[in-house]
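Should a chain be cited, it is by its letter among A, B, C, D and E, assigned in written order, with residues numbered from 1 in that chain.
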Amino acid sequence: MVISPVHYIALPLMAAFLIPLFGKLNKDLARIIPGLVLLYLSYISVVLMNQIISSNTIIVEIIAGWRPPWGINLVFSPFTGFLASMFSMLGFVIWMYTYNFKPEVDNAQKQKFYVLFMMLITGATGIVLTGDIFNLFVFLEITAISAYSLTAFYRERDGAEAAFKYLLIGSFSSTLILLAILLLYTQVGTLNMAEIALKMPAVDPYMKGVILILFFVGFGIEAEMFPLNGWSPDVYTQAPGPIGAIFAGMVVKAGIYGLIRVVFTLFDVKEILPLLVIIGMITMAVAEVIALRQGKLKRMLAYSSIGQMGLVVVAFGIGTHESVFAAIFLMFNHAIIKGMLFLSGTYLVYNSTEKTLDDVDGIGKYLPFTSFLFALGSLAIVGMPPFAGFWSKLYLLMAAADVRLMAVIAIILVVSVIEIVYYFRVIHRIYFRERTSTIELKIPSFNAKSAMLILAIIIVAVGVYPDLISGLIERATTDLLDKQSYIQSVLSVGLK
Amino acid sequence: MNSLILLLILVFGGALLSYLLNKFLPILRDGFVVLLMLLVNYVFFTMDSATQIEFEIGGIHLQWAFSSAAFLFGIIVSILGLLSITYSTAYMQGKDRLGYFYMNFLFSIGSMLGILMSRDLISLFFFWEIMTWSSYLIVIYSGKDVDKRGLKYIVFSAIGAYSMLMAIVIIYGFTGSFLLTDIFDSIFAIKASYQLAIAILLMIGFGVKSAMMPLHVWASGAYSGSPMSFTALFSGALSKMGVFGFSLVLFNLVSNQNWLINEIIAWLAAITAVLATFYAVIQSDAKKLLAYSSIAQLGYIVIGLASGTYLGVMAGLFLAVLHAVFKGTLFMAVGAVEKQAGTTDMTKVSGLIRKMPWTFTASLISIIALAGIPPLGGFVGKWMLYEALITSDHYYLVIMVFLSSTAAFLYSYRILFGLFLGQEEPEFAHVKEAPLPMLIPMLLLSGISVLSGTFPGFILEPIQNAMVSFGFDPRLPNIEWWQLSVLFNSWGDKVVLQNVMISITAVFLIALTLITWKGYKKQRYVTTKDISSSGEIIQAEDNMTFQIDFYKPFERAIWPLLKRKIDDYYTDFGNGLEALFDLVKRIYNGNGQFYAIYVMAFLALLLIAGTKYFGF
Amino acid sequence: MKTSFIKEELLFQQLATAFENVVIEIVRKETVFVYASKEFVLPILLYAKEKLGYNSFSHLSCVDWIENDEFELVYIIWSPETKINLFVKTRIDRQNPTMENTDMIWRQINTYQREIREMFGIEFPGFVGEKEFILEDWEDVPPMRRDFDTLEYVNDTFFEREGREDKQDVRERIAKRSGEEIPDFAKKYSRE
Amino acid sequence: MNTILFQLSGALATILLAFTVGMFYGGIRRKIIARIQNRVGPPIYQNFLDVIKLYSKDTSIHHGAMQHMGPVFAITASITSLMFIPVLNGDGWFWFKNLNFSGDLIFLVYMMVFGSLGMALGAGQTGNPNSAIGVTRGLSQMVGYEIPFVMSMVALMAQFHTTSITGLMNIQMQENTWLMFSNPFAFIAAVLAMLGMFHYSPFDIVHAPAEVASGPVSEFGGKYLGLMMSSGSIFAFVKLTLFVDVFMGGAANLIELVIKTFALYLIPVLYGVVSPRYRTEQAITYFWKWPLFFGILAILWASF
Amino acid sequence: MYNDNNAQTIVEYIKNFTRKNSLFMLAYGTGCGAIELPATLTSRYDAERLGVRGAATPRQADLLLITGYLSTKTLKRVIRVYEQMQDPKYVIGFGSCTINGGMYWDSYNTIKLLDKYIPVDVYINGCMPRPESVIAGFKELQRLIAEGKADGATKYKENLDWYRENQKKVLKNWPLVEYNW
């Protein structure tokens, strides 16, 4: 079989439909298939990334023979490829983690989970890979719908409520994006992103602004921007633990991808960038401040996640090469670190119904491994050397200093102090309080442990030697900012 | 192999190894850490001063080398590190999680060496943060009162570190380089206001570690809460990293014309010194007392540096070295008391002098050095400090320093009296002298205190080397260190240390001989229960020692200053912030309709604003 | 002028209704005696304090009625409202001198009880207090008891300076001078 | 050899002088107090008798090494500070030169504390609570009076740009004036501080016989007390000479020295004899009010 | 050895001279004698001109004044104080109570003969002695010291067993530390 970016979409989608069938054959098979698929996707990620990096080209895959700008195409550039690889590898780690998660849940339920999981992977990778704006919308819907369902996975009242809120706000998002695509189509007459970007300068500036704002708000909802992120804390809190990691690592990343793709490639308007910075700052400040006052672990992590996304938005908003580099680095770090925090945090409050911070008191004695990884993740996310978070924060600050955004630096650092306060509070609770809660603890399975350990190793390795990843990110940055070569390589395929 | 890399590999690798050793071969652990530190000392002292290394990581150019200033502080770190780890082997005997302890101990030593050898700001910050969390992990080692003590330490460290980071990125933003050499050249091209901002931010960063008012509130808890063997290093060497940073800021980053910064720092340090001394006076726990005393002493050091004159800087650095020596000894002595008697609460323990005579001797010498009484080393430092301040017309600063160091006599006496003097209690009858690994470091260090009082040359020479790198002309006469015994100030007045020593020793010995000779045969020891107390016969279990509310009259005299601690302001500020945060929290009220309204309102706002302001 | 005893009468009434087996006597203005057996003392004191407002304890003293083979304990309490001194008197057996501990009502009774315990040898079961109060290492009969012979003790214990042989017991002479009878029990301790 | 012998004999002579003068001043003080109280009072050589008697008394007990060394510390401080003080002016009698070239005012201020701290340690080891109480009072009070004293010294140093005593004396000789006229505020502050330095009434709460049984020296008798009395006498002389040197132009010969020091000595004696006792915190706040104010004035005077 | 005035060496003479002229007294203020002391020391009678001054603690004192009756309870303290004083030390008994018990001659709780328990150098007669007699007592003590005859402390040391026996007769539970100087 020829390795092709299409596999990113086709295989998980296929797997999603095959799981119930195989599930009939063998209970375990339904659980193993997603893993195989994700492992394969990780493998092709490595191959494809190696290919495009070494040959310095972009792979543009045409679906069903329709050439761009008419047909749907997939673009595997350093940037999109980086994100897609990240999604599939993270997906694999999360699959490892979920393999034995909640063994008491019955089989049909598990199959549903994996179906939705596969759908979500399809959607998220689809969003980053596709070169067609309407196709992007479709994948966004796939992602969103599977995300709604995963939120309400436990069929509880709170979960259903959270899912409903998500649905409510998510439908706003869909509507606005659809509206924007419609308007855009009326203006440029094409849905191919490369061509839209090419034709954009000719568009009426007023329409351009309206469309951009519609896109901005639409994607902003998915990217958890303030004040559009009301849905997210509840979702993070109510969804099953690993789903939180998926949200933080993929769904939100996909949303932010849509946003920056629109802003940087399609429209390329620099005027919106200060808005991004301001919104990002507010998002960050508000979210971290609220996280400080949270009494529930997952809710705290959720707000922290929002805050980190604010940081990413700020980084993109500064708009220089260095800052975009920092932003992508931040996205990567956030995916692995917050992923690990969610994964380990889930076990800290495994059987608790309220999932309050009181439940983690003194847990360090009973779950040493998980607690240690949670502590390590906390140190990493607040940006302590020698962990991964330090470098991304440093690069962002350097980028901000380059353009003299001293206030931004100051606010980021103040917020970091707040972050330190609430993360260390939790660490203190874990290690230095006496355990009071009587809730039965769950020892992580071997899969779950190794999944967390993989992420931890990546965190430390990147922290000690950032050059492991910075080369890739550098290429991704160049690719994202180089609009012309994107247009050229996509359309050149079309013209053949 | 490059000896810098070797040094780091030795310490950090040794740290991990000691953790593993504790897991698998705990017998070898103690010997291993001591040998390791000996090896580190060997590598450090045999190192060629020109050794340097440059490399690039994550697109950032880094450079490591020991400057002569860094070398001075390196001496403190390596020697005090060796001694305190030797001390630890006995002090930590029988405690659990020793692997964790030694690993973090060595991590902090390694990170301090790293800070000193950094010739660029990124590795400086990198090691700084490692130092922060490794010391933090030891601060919370005991697990007591962590929520308050540990959080305070980490939050203040974070504030300091992030201000430093901000300054670093601002510097980078203007100069485009992290290398100190580049920065020193181009720093003066930056706009003055930014220079000021950089200086202030860096000063906050370093001020936290050197416990400057009002950033000192973490220090008393962190110093008194860690195991004493680490506190010796913590107060002696780790806080000196802040001083090292100050010296960088004051002599390399802020131009000397900017006298305002120097004045501000000096006054802040003076207020620190006075208030911390007052707090130290009213403490009843020996550890807390020493913690506050450390804060005050760091104040003197910073005043010396900030005075900017030759003598003042020399005084500051001299006191920095000496503070490591005598405060290290004192923390070790208090640790010995804690280990042997089980408590350092001065209202409980008393009369240990006959049980622990050597510990007492070491602490007596250190206290005399600390109080700055001739003929010990502390006096040399204090003398230079006063003369420097007077000759550079800082008259009121002199008064502040004097107030602080006079009040320091109060706590100096308190700690000696509280632990060692007073009545002997049957409760502490079992107490024995500290074991040798604890005694030897203390006695060695107090030996340095004594020697430096008459022959300060052996400390002043490395200091002068360091000062040359700050741009001062060498002024010490070019003679061997044991000949250097006359100190001059810039008005030509002097003190002849050897005469002082000779006079004091001679009179002391003669008087002691005479007083001992008379009635030597008849005189005998009576217990401290045999005192004249209106004829009452004191039983063994009666404790007549005066310990509670020791300095109550003094407290009453200075109560307006103590009425409200700076801690309280922070607490109020924190509570206010939290209330504000709770208001912010109400944004997310959990109601989906509200969220929908937010979305629509935001959209509408953007549409309105977009047409108006964004110009499309 | 006849003194009116209104408040004393009132107290009389109150006590008489509350306790049956007590003898109450209005001695003079603002002075009322209550004679009670020893188990009634505590209730009376409590009642007087809680109900009648006699919240000030003045004194506790002891009298050695060696003729009746009894000790008399006198509790004197006082009310700031009525200004009456209430004397609660009780007699206890001299051979087995025990009395209920009352220092939970007024803390200061503690001191008086210590003194009485030491000087008269009356025990207060359940009473916590330092064993020694004024005397140290006393081994003889409690010195305030009337059967304790001071002079004999003095002669046994202390030295006499030479040249004081003329010392005489003047008690008898004084008694004769004032025309009193020397009681029988006292003759037992007389040196003549 | 010759010079060392000279120096030693000079030092001995200085010590004897200081001891004698200090002792007589003490006796005179007792006499003055007695006369003011309408008594005859002891003979003025009474202090000699006391000291000799104390030395001749048996001292058969001690509470430990620190108690033994406490008085030694005290006498060391007194004699060493004496050695570093110029007793006579300029080319005065060569015997009294001692070591006054090798220390300055700052050194002296610290040297003077040495004794009280050593003494305090000695008192501490006796285990007598009264000693500890007295020590805390003394040290607290010291924080009070040292500040105005140092302020006036700093003012002089600032005004004349020298930190050595001989320097200050030379300036007085050159300008033919006394520094108490050149910087009167410094003199006032210093004299007010001196009231506390002598620990005479009203600042005698340290010893306060009726309260804390003579405070630090409660457990000291016989030779220890004798040594401390001698040390106190020498120390009184040291303080007075220092003041004379710094403020009153020094003395050309011994007679002038005695007259000047005695005149100065009368101030604390006469102030004390008519004053009741201050509590510790009252004493501290006393020193931190007017003396401090005069100290600040003195520095201002010096710097303009 | 102190008996013959002429046998004193010059050093002893000086010693005795200073001792007699510098008496640090520790007033054990029991009984009514304590009230006579202020009068003795202040302006009217001025004992300080004889070199008598107060000492705060027994360690500093040469002279112990027992100013009145002694109960057994206070006797214990007096012995303690006396033993804490350093040689040479003197005791003056004040008033009849110390001499023969005085008005407390038949008290079960008061000792009658002080010199059975500690050596007394000088008794001052009276109940209470007026300041004039007190001064006279001081003078007498000074004479004894000058002649080297105020040797109570030596007597006490030499006859310690006898004194102890007497003391133990009164103080049943012997609480005092050993006296061996």
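In this text, contacts are C-beta pairs under 8 Å (C-beta built on N, C-alpha and C of every residue); 3 or more make two chains touch, one makes a residue touch a chain.
From a predicted model like this one, the values you see are computed outputs, not experimental measurements.
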Show which chains lie in contact with subunit A and also with subunit B. none
Centroid-based (C-alpha) most distant chain relative to subunit C: A
Chain centres computed over CA atoms; the one at greatest distance from subunit E is chain A
Once you count every C-beta pair in contact for both, which comes out on top, C-E or D-E? D-E
Interchain centroid distance [CA atoms averaged], subunit C/subunit D, Å: 63
State, to the nearest whole Å, the distance from the C-alpha centre of subunit B to the C-alpha centre of subunit C. 70
Approximate Å spacing (C-alpha centroids) for the pair subunit B, subunit E: 58
Here the gap between subunit A and subunit E, centre to centre from mean Cα coordinates and rounded to Å, is 97
Residues touching two or more other chains, restricted to subunit C: which are they? none
Touching two or more other chains, which residues of subunit E qualify? 57-59, 76, 181
Residues of subunit A that contact two or more other chains, please. none
Inter-chain touch pairs (all): A-B, B-D, B-E, C-E, D-E
Which residues of subunit D touch subunit B in the complex? 55, 58-66, 68-69, 71-73, 75-76, 79-80, 83-84, 99, 101-104, 106-107, 110-111, 113-114, 117, 120-121, 124-129, 132-133, 135-137, 139-140, 142-144, 146-147, 150-151, 154-155, 157-158, 161-164, 167, 213, 218-219, 222-224, 227, 279-281, 284-285, 288, 295, 299, 302-303
In the complex, subunit B residues that touch subunit A: 57-59, 122, 125-126, 129-130, 132-133, 140, 143, 146-147, 150-151, 154-155, 158-159, 162-163, 165-166, 169-170, 172-174, 197, 578, 581-582, 584-585, 587-588, 590, 592, 594-596, 598-603, 606-607, 610-611, 614-616
For subunit E, which residues are in contact with subunit D within the complex? 14-15, 17-19, 21-22, 24, 42-43, 46, 48-49, 51, 53-62, 86-88, 181
Quick check on the complex: what are the subunit E residues that touch subunit C? 72-73, 76, 99-101, 105-113, 116, 166, 169-173
Quick check: in the complex, which residue numbers of subunit B touch subunit D? 351, 353-354, 357, 364, 368, 371-374, 379, 382-383, 386-387, 390-391, 393, 395-396, 398-399, 402-403, 406-407, 409-410, 412-413, 416-417, 421-424, 486, 489, 491-496, 499-500, 503-504, 507-508, 511-512, 515-516, 518-519, 522-533, 544-546, 550-551, 553-554, 556-558
